[in-house]
Amino acid sequence: MRPIARLGGNAINARVVIHGGIAYVSGIVADDKSADVAGQTRQILARIDGHLADAGTSKYRLLSATIWMSDMSKKDDLNKVWSAWIDPANPPVRACVGAELSSATTLVEIMVTAAID
Amino acid sequence: MRPIARLGGNAINARVVIHGGIAYVSGIVADDKSADVAGQTRQILARIDGHLADAGTSKYRLLSATIWMSDMSKKDDLNKVWSAWIDPANPPVRACVGAELSSATTLVEIMVTAAID
Amino acid sequence: MRPIARLGGNAINARVVIHGGIAYVSGIVADDKSADVAGQTRQILARIDGHLADAGTSKYRLLSATIWMSDMSKKDDLNKVWSAWIDPANPPVRACVGAELSSATTLVEIMVTAAID
């Protein structure tokens, strides 16, 4: 059996699960929810950078991303921050859709997978 | 080519797809939709236990979970049942967001992946 | 390190990412958004056929599909087109939920993965 490593998180979910050369990262939200969409997205991507580093990988090896926004009319604000973060030579596949999130001030949630080996 | 096994389901979707040592399970809803969020979540997790067993794995080898709820204000009700089911040493990564589901009485839908080998 | 191939798309997302014998396809929407749910679904599935072919695979090796609809009351319209497209011997796992999509006329978005090797 190939091993499974679980990093961080709590009894509800791991922050990162590693299996078969892939890092799966939980849906990440911003810590400071007083920030706007751009600010929350920046916080989330910085957290994802950290989680990917913990897993021994980086944004340069992203495979897929699912993004949920509480207000899709703010998608351009998200995309500006996203585009500045993504390596344009190595973008993941992506879906971005609207959804009610875990609190009224949670504006963005992002879940990614990345290759390790 | 690595083989693909498809278990259960119908002409629209398989219940479980197995490939490359991973079991992919379809989004599962409760059979008895008169139940509340806690009751529907219990039914779903019991069905997922069965599907994982059919695939030769179990909740102890979960990789990821996506949870959709028709009313995110009931997330605590879901989490109580979820936490009692999950092995706290082996939680998957997870995202839980609000969404309109397939009927007005469908309160929760859960889609998971788990490692087999 | 196993190689990652990225096909099409732009600096925000690749259209297809290939890694570890799996093709990940971005969430696909219809080009002609004046079409109804059935028409948009047909356009999307034709685009997915093309993306899978580019990746060296096909709908016969689908693993999973996530479908978002702006109006779940039209799910039967989607399912008719979906069922006619899917190989009934080789359906993927699937979840289909409601979500606000990227424009008011975007009625359906579909994201799939498929096995290559």
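Note that the chains take the letters A, B and C in the order they are written out, and that residue 1 is the start of every chain.
Just so we're on the same page, a residue touches a chain if its C-beta (ideal position, glycine included) is under 8 Å from a C-beta of that chain, and two chains touch if they have at least 3 such contacts.
Since the structure is predicted, the reported quantities are computational estimates derived from the model, not experimental observations.
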item	value
Same or different contact residues where chain B meets its copy chain A, judged by the half mark	different
Superposition rotation for chain A onto chain C, Cα-based, multiple of 5°	120
Between chain A and chain B, centroid-to-centroid distance (C-alpha), Å	21
Shared interface positions of chain A, touching two or more other chains	20, 66, 99
Residue ranges of chain C in contact with chain B within the complex	20-22, 61, 63-66, 72, 75, 79, 82-83, 86, 88-99, 115, 117
Contacting residues of chain A [partner chain B, same complex]	1-2, 4, 6, 9-17, 19-20, 24-27, 66, 68, 99-102, 109, 111
